[in-house]
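I have placed the structure first, in the form of structure tokens, so that the comments after it can refer back to it.
Each chain gets a letter, A, B, C, D, E and F, in the order it is written, and its residues are counted from 1.
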Amino acid sequence: MLDTGDTAFVLVSSAMVMLMTPGLALFYGGMVRAKNVLSMLLQNFFLLGVASVVWALVGYSLAFGTDAFGGLIGNLDHIGLTGVGQEPTEGSTIPHLAFMIFQAMFAIITPALVTGALAERAKFGALMLFFVIWQIFIYSPAAHWVWGPDGWIGSKLGALDFAGGTVVHILSASTAAALIVIVGPRIGNQEQAMPPHSLPLTVLGAGLLWFGWFGFNAGSALAANGLAASAFVVTHLAAAAATVAWVAAEWLHQGRPTMLGGASGCIAGLVAITPAAGFVGPMPALIIGLLAGLACYGGILLKNKLGYDDSLDVIGIHGIGGTLGAILTGVFATTAVNPDGADGLFSGNPGLVGAQIVAVLATIAFGFLGSLVLGFIVHKTIGLRVSPDHEIIGLDKTEHAESGYDML
Amino acid sequence: MKDVTRVEAIVRPPKLDDVRNALNEAGIHGMSVTEIRGCGRQKGFTERYRGSEYTINLLHKVKVEVVVDDAQVEAVVAAIIDAAQTGEVGDGKIFLSPVSDTIRIRTGERGPDAL
Amino acid sequence: MLDTGDTAFVLVSSAMVMLMTPGLALFYGGMVRAKNVLSMLLQNFFLLGVASVVWALVGYSLAFGTDAFGGLIGNLDHIGLTGVGQEPTEGSTIPHLAFMIFQAMFAIITPALVTGALAERAKFGALMLFFVIWQIFIYSPAAHWVWGPDGWIGSKLGALDFAGGTVVHILSASTAAALIVIVGPRIGNQEQAMPPHSLPLTVLGAGLLWFGWFGFNAGSALAANGLAASAFVVTHLAAAAATVAWVAAEWLHQGRPTMLGGASGCIAGLVAITPAAGFVGPMPALIIGLLAGLACYGGILLKNKLGYDDSLDVIGIHGIGGTLGAILTGVFATTAVNPDGADGLFSGNPGLVGAQIVAVLATIAFGFLGSLVLGFIVHKTIGLRVSPDHEIIGLDKTEHAESGYDML
Amino acid sequence: MLDTGDTAFVLVSSAMVMLMTPGLALFYGGMVRAKNVLSMLLQNFFLLGVASVVWALVGYSLAFGTDAFGGLIGNLDHIGLTGVGQEPTEGSTIPHLAFMIFQAMFAIITPALVTGALAERAKFGALMLFFVIWQIFIYSPAAHWVWGPDGWIGSKLGALDFAGGTVVHILSASTAAALIVIVGPRIGNQEQAMPPHSLPLTVLGAGLLWFGWFGFNAGSALAANGLAASAFVVTHLAAAAATVAWVAAEWLHQGRPTMLGGASGCIAGLVAITPAAGFVGPMPALIIGLLAGLACYGGILLKNKLGYDDSLDVIGIHGIGGTLGAILTGVFATTAVNPDGADGLFSGNPGLVGAQIVAVLATIAFGFLGSLVLGFIVHKTIGLRVSPDHEIIGLDKTEHAESGYDML
Amino acid sequence: MKDVTRVEAIVRPPKLDDVRNALNEAGIHGMSVTEIRGCGRQKGFTERYRGSEYTINLLHKVKVEVVVDDAQVEAVVAAIIDAAQTGEVGDGKIFLSPVSDTIRIRTGERGPDAL
Amino acid sequence: MKDVTRVEAIVRPPKLDDVRNALNEAGIHGMSVTEIRGCGRQKGFTERYRGSEYTINLLHKVKVEVVVDDAQVEAVVAAIIDAAQTGEVGDGKIFLSPVSDTIRIRTGERGPDAL
């Protein structure tokens, strides 16, 4: 039966998750050089459009339709949102449409996260085309595995992923890795400083992301109940601890606490708590956040060592943070928080850690290899990268015939 | 007509107000100011960006340009030095160079009177 | 009886709609030249103040008081919010005060929309005075017609306007048209490029508007139920489709997909779905969005042809989008979505299209002629336009004694 | 018993209050010179981290634990959030965790408000350390006094403070005053203009603050009911009236209406209505807003006269606005709005004004003297102020090794 | 080789387009433009910031630099005056100064041909 | 004292780092950099704004100024050409002009030693 409180909560949460994509656009946009700010913004903003349309037409059905084949993909019953109505589905207290649109926001932001890895060199049209195909062949199946009816990871393997540690963060990072392999580094990578052009934009974006993440994680309870409150609290505490941890780490390691460190730290914590949000208590959340801040800071140092060009650190933050969070979910999960979840290592069930690792590895493999194939096809046909000339002049002028700022 | 000179002073941004006041006291009211970046002996700043360090060698400076009668040049130079000097590396330079003519756009006047 | 879920939803929706006005300020503010950014921001921000005060004192009563005269205007029973209390009115599940403040946000943003048409030349004081009079004589009656007790459009004519296609968008555009006639074009219009000074601000504004629009449209269900979820979904899908459509159109037509096109497109879609939000299903919403994106892009090209100076395209987006949406509501509406609505053309009732057209024409006529009269009075007495000198130097310095930026 | 509507409302309100801190960061960040923008942002952003962690570990227990000693402080029962669970506490309809996290957001923003007073000269590390100690020794007790079980101000004295006029605003202002005494004015204060570097950032911040304040004040009803709607409405109207009042005052007094005046005015109104939000009706709210706009504008003029360097006017706005609001609560409060409140002067109970004044004075004294002691200890050990060199170069480069903008 | 001159005009920002067009009409296509701030006889703006007033004495100006053949100097000066003059205080100045050589980076050409 | 010269090079912004490095290798460490906009033979960009097209003729350039001993001028010019040349229209210009005196603000030194 429909519950108005739950419905209010999920609808507002959907709106908050929607706001994360513009938030992410600004977060990323502030970090690129001024000549590429609009390209960064448009890649994200356009996904709000195109990924939503594809989701309504086909993605939702593939992800959340009745299982079509061995827990791997949904059927086509909900194509064009057929049968997705105002009534709750069985066992739910919110309109089916509310659930669908909440999930749509996840299908938007996941590819949006990827754009950071290819910043300042990706060709707009080709990248958008890639994401359309990718939603159908990579994202929707992966979502089905974890959250879909009879999905093999969620229902059979019994791995836990409350709000998208694997589906959103690990998948976006492994996709990013594949595209980085295909597209290669920016001209001047590691030779020349490419400092952020406007950190206030980035901070604004981080603030909106943190805000929206409450919808992302607490909203994943799909009800306004004690579990939602718990997910809300652990989300906040993990973000807080990670902010402190990252800033403290760089302060000790490099001598200065930075604003970009604070903004990056909170995202690291939010990423890591995502899979765990509905399964762990507040003190484990502080530990998860702390470890995420440290681990992702380490991930970024590692990138600088290894030299690949993950421009805005999708792997370092979403890959490392997501993996850490998924595994720590296996460590800290307890049915005392969520009777529908499972107990983890510290509650006497080491098996859950194993299931979590399988889920992580499967997602990495699928995301990386699948994107490698799709990416190569797109790259070899229309090309995923702009010409060196255009890259040097900047994508705003060359790809979009605009300038971010005109102060003269 | 070679009796006007361009005095171009590159100074630290926080000294701009002092320089302007000093010039005003020396009777000079017209000037033009440009934001520039400079490098020289002064050490740059090391900035950080997600774990990578880079040095900003081009430091913010301000260029003050005054075109004045040759007769005023030494007074102007002295006023600028007085106002802008801290004694630390990075105080900046003054360059003097010839101006062959000056025109006031408003009136079309030429020569030193146009200043 | 009061329902906490519904109340939570309408209060949060009100807050979200409130945020649309700062969002709009930034959306517009980014598009003007740097020398006028504060004037644009203050015109919107000040309306948050003055339009709210007028609404509480008299506007709400005129719009939503018991009908005083032939469906044209409400009575004065609620002057100073007398009788507007914490209890729900009959048949409602939310506090009367919640309904009042939700409506207040509409009375703020409608004049705020108009400011874009007069950007970079309107005199602050005169414009604000105009809007005070205008709320009383134009906005409140028009709202009464459509939503007020026994309003002639909503109750008698039977035209549908879920969240303000006529009251908000068509009214603001027709007001804008009248003021453009009175105030005339900017110095240098069509001779000289006047590019946006900061598109990131505009994108931020568009993101906040999209977010707030969920409150605007879904909140108009005044309950957290299936209809709210439906309105939420169609709002999102129309915005998404219009974003894609506008960007695609300019890409084909002018060779480049632009960020400003994406931001403009989403607003076009949001405008067009506004009257339809509670009456149509998701696939019609995609069509409405698609057509809105194309039509409004066309509207903007038309302006450039005709040469009148609707600086930030209030007519092109809110006029054309609102009119299109109102008519398409007549085409796609179905009682399958909302039993309290009506069937439209495609559900066998062509009459609804007629009613919609009458509602549109009445609103255009009233908004345009009424604003022409009020505008002339203000213009002839204190003048709606700044001096040419001030216009050239910029309104921030001359009208407000401030500068938007000081980076020296 | 848990109510989903109330829970949805309080969780969303918590998210909205969380967003106020990034909003405040931008509000303040826009007002400082470009060379200090990141230092301003990080001081606020880092508090989102560290103040949350301290709150979960100990602050919440001290503030809201069972009274330990004469209404002055809570006990340690909730250390590390022990016993703070998903179930509502007795008499409540929301999860205990939801209440805890809602309160956490207040414990974050209160110190964040203080940072404005020390803008452009405070040493990051020392200030953060100060705030950690301060939360434990000053904020948590003060919150306990007013809202904690058997707190002496709220339960014994019977003073009213709905959402934090004393605990948040007066406490932050009196802390600011103490730190100003310790730290002293900026180099060049009152000799040299220090205009805001980006007013659009400030306006954005003001918009987010206004939005979040609905969560702050209406959320303080801890339920989605008529009282919440009433608190929402009076919050909006006071902000609106104060915006108009401030702008009008400076227009008359200094000849120009300014954007910064509008943004400052709304905050003044929001501050003043905070203690009164759950106790007064809409027309008193308009009066409170009006007086707050005028009084805080006066407060700012006074500062310019007296010459102390409260850089971003924490005393002028939060001190004066909070005090005015607390006293006017005593004037306008009525049990007609809130039966659990009290009647004030105009409802025949002049005694309430007395109680309000005692509460104000106690908070000022405690905040000022307590912060003076703690501040001196921190200042004498590690120093609360950067070196003159660093102050002149700017805190972004010297304290954080970053630049806000890089447009080259 | 002393046959080229730098013409440096400080004008009001809104006049920039007119000046550029006037120069184009005079056959001059190459130029460089810098945003500067200037003070002189023109009164500054009084701005306000939370009740405190301050005067912005450094006003936005634009500097247009053209290096031209000596033969063209007078035509250039006339074109600029024509385009930038409003007759109000603050119209700006033109400074002429010698350039000893010119090089086109693309080709390495030197002298007046490099313009 | 006429032994110092101002070398003013207008180059493409992405070449700035290369130019700085080339100058450093040529033993020149002091310089001043200004963001400017230039037009010349290089075609502008067409930008779009809600359906209207306009051409940005003023393109971003960077001006590097070095004041050096006359003896160093040719080496400096060669280094700049080498670093900034792409061979495409829009590479920019170098202008040489006389400087009559140089002062180091920090010490008051004058003449070539002040560089």
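Keep in mind that, in the parts below, contacts are C-beta pairs under 8 Å (C-beta built on N, C-alpha and C of every residue); 3 or more make two chains touch, one makes a residue touch a chain.
None of these values were measured; they are calculated from a predicted model.
Asks: Indicate whether more than half of the residue numbers at the chain C-chain D interface occur in both copies; give same if so and different if not.
Replies: Since fewer than half of the residue numbers are used by both chains, the interface counts as different.
Asks: More than half of B-D's contact pairs recur, by residue number, in one of C-E, D-E or C-F. Which one?
Replies: That would be C-E, since it shares over half of the contact pairs of B-D.
Asks: Would you say C-F or C-E is joined by more C-beta pairs in contact?
Replies: When the contacts at C-E and C-F are counted, C-F has more.
Asks: Could you work out how far the Cα centre of chain A sits from that of chain F, in whole Å?
Replies: The computed centroid separation for chain A versus chain F comes out at 45 Å.
Asks: Measuring from the mean C-alpha position of chain A to the mean C-alpha position of chain E, what distance in angstrom results?
Replies: Comparing mean C-alpha positions, chain E is 51 Å from chain A.
Asks: For chain F, which residues are shared contacts with two or more other chains?
Replies: Correct list: 34-35, 37, 47-49, 58, 97-98.
Asks: Pull out every residue in chain A that's touching 2 or more other chains.
Replies: If we look for residues of chain A contacting two or more partner chains, we find 3-6, 8-9, 12, 16, 195-196, 198, 204, 208, 224, 254, 256, 258, 260, 401-403, 405, 408.
Asks: Report the residues of chain A in contact with chain F in the complex, numbered from low to high.
Replies: Listed in rising order, the residues of chain A that touch chain F are 192, 392, 397, 401-403, 408.
Asks: Chain B touches which residues of chain E in the complex?
Replies: 5, 9-11, 34-41, 57-58, 61, 63, 77, 80-81, 84-98
Asks: Given the complex with chain A, which residues does chain B contribute to the contact?
Replies: Where chain B meets chain A, its residues are 47-54.
Asks: State the interface residues of chain C toward chain D in the complex, per the touch definition above.
Replies: 2-9, 11-12, 14-16, 18-19, 21-23, 25-26, 29, 37-38, 41-42, 45-46, 48-50, 52-53, 56, 80-81, 84-87, 94-95, 97-98, 100-101, 104, 124-125, 198, 201, 204, 208, 224, 396, 399-407
Asks: Within the complex, which stretch of chain F touches chain B?
Replies: Touching chain B from chain F are residues 6, 20, 29-34, 67, 97-106, 108, 114-115.
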